[in-house]
Amino acid sequence: MVKKEHGQASSFPRDKMLQAGIIGATGYTGLALISMLISHPNITVNRITSNTYKGKKISDIFPLFKGRFEKVLVPTDDNHTGKCDVYFLCLPHGTSMEAAKRLYDGKAVIVDLSADFRFEDVKIYENAYIPHTAQELISQSVFGLPEIYREKIKGAKLIGNPGCYPTSAILGLYPLLKAGYLAGDIFIDSKSGVSGAGREAKLGSLFCEVSEGFRPYGVGVHRHEPEIQKEVSKLSNLKIMFVPHLLPMNRGILTTIYSTLKEPLKTNDVLTLYKKTYEGEHFVRIMDEGVYPDTRFVRFSNYIDIGLKSFDDGRIVIVSAIDNLVKGASGQAIQNMNIALGLDETASLTALPQYP
Amino acid sequence: MVKKEHGQASSFPRDKMLQAGIIGATGYTGLALISMLISHPNITVNRITSNTYKGKKISDIFPLFKGRFEKVLVPTDDNHTGKCDVYFLCLPHGTSMEAAKRLYDGKAVIVDLSADFRFEDVKIYENAYIPHTAQELISQSVFGLPEIYREKIKGAKLIGNPGCYPTSAILGLYPLLKAGYLAGDIFIDSKSGVSGAGREAKLGSLFCEVSEGFRPYGVGVHRHEPEIQKEVSKLSNLKIMFVPHLLPMNRGILTTIYSTLKEPLKTNDVLTLYKKTYEGEHFVRIMDEGVYPDTRFVRFSNYIDIGLKSFDDGRIVIVSAIDNLVKGASGQAIQNMNIALGLDETASLTALPQYP
Amino acid sequence: MVKKEHGQASSFPRDKMLQAGIIGATGYTGLALISMLISHPNITVNRITSNTYKGKKISDIFPLFKGRFEKVLVPTDDNHTGKCDVYFLCLPHGTSMEAAKRLYDGKAVIVDLSADFRFEDVKIYENAYIPHTAQELISQSVFGLPEIYREKIKGAKLIGNPGCYPTSAILGLYPLLKAGYLAGDIFIDSKSGVSGAGREAKLGSLFCEVSEGFRPYGVGVHRHEPEIQKEVSKLSNLKIMFVPHLLPMNRGILTTIYSTLKEPLKTNDVLTLYKKTYEGEHFVRIMDEGVYPDTRFVRFSNYIDIGLKSFDDGRIVIVSAIDNLVKGASGQAIQNMNIALGLDETASLTALPQYP
Amino acid sequence: MVKKEHGQASSFPRDKMLQAGIIGATGYTGLALISMLISHPNITVNRITSNTYKGKKISDIFPLFKGRFEKVLVPTDDNHTGKCDVYFLCLPHGTSMEAAKRLYDGKAVIVDLSADFRFEDVKIYENAYIPHTAQELISQSVFGLPEIYREKIKGAKLIGNPGCYPTSAILGLYPLLKAGYLAGDIFIDSKSGVSGAGREAKLGSLFCEVSEGFRPYGVGVHRHEPEIQKEVSKLSNLKIMFVPHLLPMNRGILTTIYSTLKEPLKTNDVLTLYKKTYEGEHFVRIMDEGVYPDTRFVRFSNYIDIGLKSFDDGRIVIVSAIDNLVKGASGQAIQNMNIALGLDETASLTALPQYP
């Protein structure tokens, strides 16, 4: 059954373009936002910011935009309040909550790609990150995982866009958690491409420090662990262990999840549960039995592909794949914006995965 | 000056979709064609063929298409005559001319991605390849390099889509050749990603035989040399030397060309000549002085980026970059089809380069 | 404590060189054997075989050997009985047992790199592979994991060299299994470089099918699962689940193992157990607390690096890294030969890891 | 004809170990020096320096050394005069000449891996780099290209180790230049792996800025151009053009050189000239006709492989390949030290290339 029309009717009048600002536009998530929004039928990117490159045309720094998008970057530290209908914050945590405080006016939609508004419980946030200086906004914010919180996202003015690893892990677990079928501890083994580390001159992200090697990092201390755990804890009392690894490639996260079912189920029955749970979802694709996701088949797209296998004794392995910069960041941010503004949820997100 | 509307008015009525067939759809050029044509406003891909995978859904072999394009593959050897308005032949040379013979009826447009219809002079073809068994069609065919032969392509029914290396080399040289400014022999040093070798189980294309290595191949005997030479010879009596190399990456060709000008010219004057020669071209981007192309900034797009530097003594170096599967193959094939059918030349070719 | 002298006194008279034959020398394990044995003080490689390249000089196929090792390849199918003191079988399973039958004479040492002599219980082998046609030799064979079976390997004439994944998994688990400390099911998440798939022209090993992608394979059906399980079962009644993944790189396996301790132990106490268990082992390196293995730091060496972390509630994660072609194949094969023949166990295995 | 004994008789008494210091030991060239010197029969590395990591064990930063070489790093800025028999300076230019001034005493051998002592003519150096503050030492220094300047290197106390690109280009051209056979301008198209950029946190060396892309850089302004030109000018009045490119891989330089012979020569006759010119050289391998170098076949070794093809009309293409960190830096530095000290020239340099 092919969804021929990928997208739903938009409730938005096409004749009025909305203005978008990308605060911190020259990192990988900012660049990905521009690349996608350029084809959005309702959105014009009218403001891009960078402290490092302020005053320069973005196409002079990134010739890929030459002839297509040649806007001049303005300082991130400028006051951008009231200038846009939607703001994407592509800033480090801490900096982001400060920007949100300045920009929040109950009218513009703010999608924050940092961790600052992902946690309903400020204590969990502060335990994992830093003291929160915009606590008054937390109750206004929504955790932007559309497949679970779509109804809350509609009309929201402040959206905490989920982390890349949590997106892959939570959507991989959600149907079983929701159904209450899981019994054993959950081991989450994630592997991410290097773009997840951002466009910063860090020793550990050098080609020669990544290529032809593979390693775990942040074992037991990665900040995405509490983000995953708090969602798991809403639906069960199970504990997770999360171990991320660095892949010698640019884009893509593959997450392999191990756990145990309360009672053994056939693989196909679990797949049916997944298909049912995600029925109508544009960006979730459940593989058939015996087929498993490959990051190459979601690359540059907003899809999450999920496959799984259960065993006679109740053990189960679930595998999910996303593009960390799309469904794991900028694509999901646009999806959230589309929902919040009542636009076609798939607008500017229909690009097919690209391979090879 | 940003070209906001990238494309020209189409002379084609939008209410009638044309039917396209991709003969040999499961190689990298076939897959790239599907990926791009899926967003074409006037074209429906109604026929995809493969002898290897016949009877299977393409989305079962390549899950990237899951939920989006799930057509069943029919045998390449079937008779496809009269079934489509346009055929893309993604077949090996030799096989391709035979397919063209069967499909050519003076009505459907045939874009051949093999070498079989790139040579006006059959002797050059046969010297480089094999005996030509469809010589009667050669006079009907057009060499599909739109930036040079656009007028001939309009209304053509048989188009020989240029090779990937020749596209990068000829467009890199054309303004200087046309102006008659070159004096010295031309040394063409090309480097290509591995997808240029096709999706065939060959030892030399294995990950472990390519990764972390770099080598020349076909030195002085590569079949793209006569294809470049015949175009150079139309505008000068200069000889080329062509040395291709294999890059440890998927997509992209970068060609570095060395030669000598009859009289020294300033870099900026040569760049001005290039900009003027390619004025109005949608897919040619001339870099500013001091900027050189990078394959990463054309990847997944139909652009060719060109930069150059001339020296006081007349020596000159020209650098061009394309995505070998797009401007070097499937993108250019669609561009040719668009021109031949009187459609918007940029239809389904407006994707921005993707990075990282 | 630096082991300044890496190696033990050899019981072998240095004035007599032993003759080695590599049966199937042009695959990655065969090539790695030659590269290492060339510096062995007691071994001369006097026979290299290949059906594909028979009659050719190996240095003409692999110019890396030019000027250093230019022997002519003889047919694998020739009769090599009685010609060498030690044979390395780098053949597919099935073919290998037949070669072993021909070569076994109770005098020459045979190290089989295939799976044919890894299983004491022929039923497990036949269930995972094919009918065994040399069952009379199974009782003569030893599973060649020196850190566990060194005493049996001494003097052995037929050694089943362990699989690459099993080496990384079993050595990662052994101290805890031996101590009887594990309680919960064992989830083994392994990731391997592409050289593990061998030097065969397979579609799935192409650069463009591997690069910039990451996927699991053989989920629940990989033949290394029973090989790991049979070793685990000797020391416990725990079940393992094994999921291998394909890394976009040449060499290296990283295995992340999740399980639960009977009673919680501090990380450092478990590390002490590991250091004690592997005391005196030349090729096992136990990381300090907070440090985890990276395949890049064992690449081209015979080391296995192991790190781990335990949690307050008893959950534990163990990470091991090897070079799949060295400790996972050819290096371990040489280590086994050295032990079997009474040579210095580290002879020709002292190369440092190479980076970058 | 296989050189069975790769190395020449050493004039050095084996019973006295010489002390070596590596000033700047934690960059890629410093690490490569340690890795190779560890197996040197006459050298002990007794001093390694780093301002960044001073006071730490090198094996704690690079676990590859764990159990094998665990020396503590001392500050680069310390006074190391009179402490070693040989110093390797792995420092930036400028810093290096200052260190050389402090360390030079006419007794210890100094091998400088920076550019500071590569130029006999200080004006060329200062034009390309910075003012030279140790000009009094220039006349004491030797350009360390053993295949050309071996006699001068013997007994030298200050050696300017050649650049990586110049090594590949000069040795590729030398036989033709020396014979006076070249007539036309020389176009040198070089491609280097990323390790050539050093172990510094630079944006342009990030995995995501290098992987899956290919670009030229330093066109017409790279500092290695005058280094190559000054050597070419010693033997001819020809001009070179040098264009380096960045390869998405770790190690290796491939240089493709285009020029024209005064009179046409057959490929085999030129190859014979090369073999004769480099007769007896341990680390130069001339390929047979039709075979061209591949960086993978020199990786991790001190070899330079050279292949070429000449055409009927006198045009010629020469291809050379080296490992930029070995023959292009640290390996050549050791070769220079061996010659300067009268040791076996191949000591600790006999490792075979490693593949894959």
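When the chains are written out, they are named A, B, C and D in that same order, and each has its own residue count from 1.
In this section, contacts are C-beta pairs under 8 Å (C-beta built on N, C-alpha and C of every residue); 3 or more make two chains touch, one makes a residue touch a chain.
Treat the numbers as computed from the prediction; the structure is a model and nothing was measured.
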Legend entry - Candidate from C-D, B-C or B-D with the same interface as A-D, over half of contact pairs in common: B-C
Legend entry - Result of counting contacting C-beta pairs for B-C and A-B, higher pair: A-B
Inset, instruction - Just give me the whole-number Å value for how far the CA centre of subunit A lies from that of subunit B. - result: 35
Legend entry - Cα-centroid distance, subunit A relative to subunit C, in whole angstrom: 40
Inset, instruction - Between subunit B and subunit C, tell me the centre distance in angstrom, where each centre is the average of that chain's C-alpha atoms. - result: 46
Legend entry - Set of subunit D residues in contact with two or more other chains: 28, 195, 208-209, 211-212, 248-251, 293-294, 296-297, 355-356
Inset, instruction - State the interface residues of subunit C toward subunit D in the complex, per the touch definition above. - result: 2-3, 6, 28, 31, 35, 38-39, 62-70, 195, 211-212, 250-251, 285, 287, 291, 293-294, 296-298, 300-301, 305, 350-356
Legend entry - Touching residues on subunit D, where the partner in the complex is subunit A: 28, 194-195, 199, 201-203, 205-212, 248-250
Legend entry - Residues of subunit B that touch subunit D when the two form their complex: 184-185, 187, 189, 191, 208-209, 211-217, 219-220, 239, 241, 243, 245, 247-252, 254, 256, 258, 260, 292-297, 299, 309, 311, 313, 315, 317, 319, 321, 355-356
